[in-house]
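Everything below concerns the one structure shown next.
Order as written gives the chain letters A, B and C; numbering starts at 1 within each chain.
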Amino acid sequence: MKDQLIEKIMEEVMKKVDQPKAEVKAEECKPQQKFCGLTEFVGTAIGDSIGLVIANVDNQLHEAMGLDKKYRSIGILGARTGAGPHILAADEAVKATNTEIIKIELARDTKGGAGHGCLIIFGAEDVSDAKRAVEVALKELDRTFGDVYANDAGHLEFQYTARASYACNKAFNAPLGKAFGLIVGAPAAIGVLIADTAVKAANVDVIGYASPAGGTSFSNEVILFISGDSGAVRQSIIAAREVGVKLLGTLGEEPKPVTVPYI
Amino acid sequence: MKDQLIEKIMEEVMKKVDQPKAEVKAEECKPQQKFCGLTEFVGTAIGDSIGLVIANVDNQLHEAMGLDKKYRSIGILGARTGAGPHILAADEAVKATNTEIIKIELARDTKGGAGHGCLIIFGAEDVSDAKRAVEVALKELDRTFGDVYANDAGHLEFQYTARASYACNKAFNAPLGKAFGLIVGAPAAIGVLIADTAVKAANVDVIGYASPAGGTSFSNEVILFISGDSGAVRQSIIAAREVGVKLLGTLGEEPKPVTVPYI
Amino acid sequence: MKDQLIEKIMEEVMKKVDQPKAEVKAEECKPQQKFCGLTEFVGTAIGDSIGLVIANVDNQLHEAMGLDKKYRSIGILGARTGAGPHILAADEAVKATNTEIIKIELARDTKGGAGHGCLIIFGAEDVSDAKRAVEVALKELDRTFGDVYANDAGHLEFQYTARASYACNKAFNAPLGKAFGLIVGAPAAIGVLIADTAVKAANVDVIGYASPAGGTSFSNEVILFISGDSGAVRQSIIAAREVGVKLLGTLGEEPKPVTVPYI
């Protein structure tokens, strides 16, 4: 009987031991907003993203950063994980506010993953505009992480907008006002194949291609930038996504979307 | 008695809790081949390596990638962990098939480790040649990971070929047809010392040196490329390996080979 | 009663399961010195740091590394985690010995973190000088890691010296003999804000600014280099530190110093 008891207990224990991990993961995905009492703090979001504002950037720093003199107020959006999601979120933010994207920098990051982190700077004449832009972008991140699929071996990312604005234009050379799509595969080998799938699936224009040795910050990604008719861009992305999920799945678990797919 | 029971149970539980980790590690090293039903999929291998082919690369993509027009069919070999093992494996693949190495790109990767991932592209006139090259390379990886030694603090890598072919030539400037050796130490400090050990141990020619600020993708490695008489190259490598294993061991566990040493 | 027993056991078990992690962390922070019997080995320190010397660098390697012919003996200091702490430690080492800093290279590393690893090379005419420099630097690391604050989301780093010497001059362009300060925030967004805080808090000169796209090895950091009156530099750093700890704390646990703060 003692053995049975031990077995039963072990079963219970193993359940408990495994549970906390799942909980931690969920927490990681949706961090509770913490506040810190600083007026410069706007908020945090998925991917260790943080949003900040500076009402009046110090002169010396302004110069050292090489910012346009026009803007004394800046909004700052940065993250350890994610560049595409943040640039697409910033694209919505510039549409919705009186701000301009003045810097997009990509770090090689994702906390040991295969991709980028980012630093995006909005310029504004008024701090309330800068703050509003950062707020909009932080809120959009939940959506723009929707077509990021990941497992332990790598990730896939797909982004789509029916009408590209200034952030997509600055970062990816996307033609303003036209439909734009982003296709990312990591490890990079997968990116090459799904880029091919994408351009064969519909009549789209390739506006850029980035790989570990060019256009990325040495990330292990191949990235395709496409433009064209809105239906065609979507069709392209959906075809690439289907193939990408299968390929990445051969290296590990079935890749799952980080939030809720939107394309 | 209750206390004794608790103790006994705890003992059992701790065993169980510790076990799964070891199992997971073994699995990570030798992933079971998964299939995904796509004709473009060739296979997977150690290091989150994946092999793919495209029979007829789309025109727009072909141009965006800057590929030589001669080759419509490409073989794709990519990995999260490893560049040396893949380049040496690709070297055997070009010897064995009617293909050419048209791209070797190194990402800063290894999933949080100190080294590179890679993207290697074979060009072929016929898709069956491209596929064969990728198959050969994937199979070689088990061997070429044999002299990769790692612990939590870093890694060492040694490669040797009696007769360098086009992949080693393209990636490392190795003279064709001559014996070639590769010596890697990470953190980079260890690489400097074992590079010195290597060149002092035998009469070899230094054909290249790479370090975090030059020749790597900011990896934390120093890499030495040597050429010369086949016996001398091997002797050089063996001397460096002996010292490297001792040094890396001072920062953590005794470094163990990833598969089976071949040099 | 069985249920109560199970509960009590589970409680005990969960305690045990959680405990070992904490122990492991402490061990990681202060590695016990291991020895390896090689005369070239000097020692190890926090951050997977290793110190080595070569009495007489091989001619071919000397040339391949592009070292100044003046120095046949070199001291080597490298690490997986940390660049600022090592450069400040090297600064003390050159003050204390008859050596010169001949190379400072920054890898994108920190084992999946947001920052750099490093490779620093001291040149000396005599091997005992090179060895002494490495010993001094290794010993200083315990102090220079004192104002590194980290949590799972990122890190902050602050360095201060009342009198910058040749290592700070070479790496950061710090004016020799003047007070110098270093302010680092990761993710980079936090770095921008605390850089602004720093320059507004006291009358200091900005001598440099580095960010993911310029001046770093694609790390996810913004780094500010300041110089000036010793009291002002300290005041600047202390203000930035206070804000940085609050901001990084919004993304995770309260950031804790790696060793003991010295500023």
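Some observations on this one:
Just so it is clear, a residue touches a chain if its C-beta (ideal position, glycine included) is under 8 Å from a C-beta of that chain, and two chains touch if they have at least 3 such contacts.
Treat the numbers as computed from the prediction; the structure is a model and nothing was measured.
Interchain contacts join each chain to each other chain, per the touch definition above.
Put simply, chain B has to spin 120° for its C-alpha atoms to lie on chain C, with the angle rounded to a multiple of 5.
Separation between the centroids of chain A and chain C, computed from CA atoms only, is 29 Å.
Annotation for chain C: residues touching 2 or more other chains are 5, 9, 13, 17, 108, 111-112, 218.
By the touch criterion stated above, chain C contacts chain B in their complex at residues 5, 8-9, 12-13, 16-17, 31, 34-38, 40-41, 44, 48, 50-52, 54, 57-58, 60-61, 63-65, 74, 76-80, 105-109, 111-112, 117-119, 121, 217-218. Of all residues in chain C, those touching chain A in their complex are 2, 5-6, 9-10, 13-14, 17, 108, 111-114, 153-154, 187-190, 192-193, 195-196, 199-200, 205-206, 208-209, 211-214, 216, 218-222, 224, 243, 246-247, 249-252.
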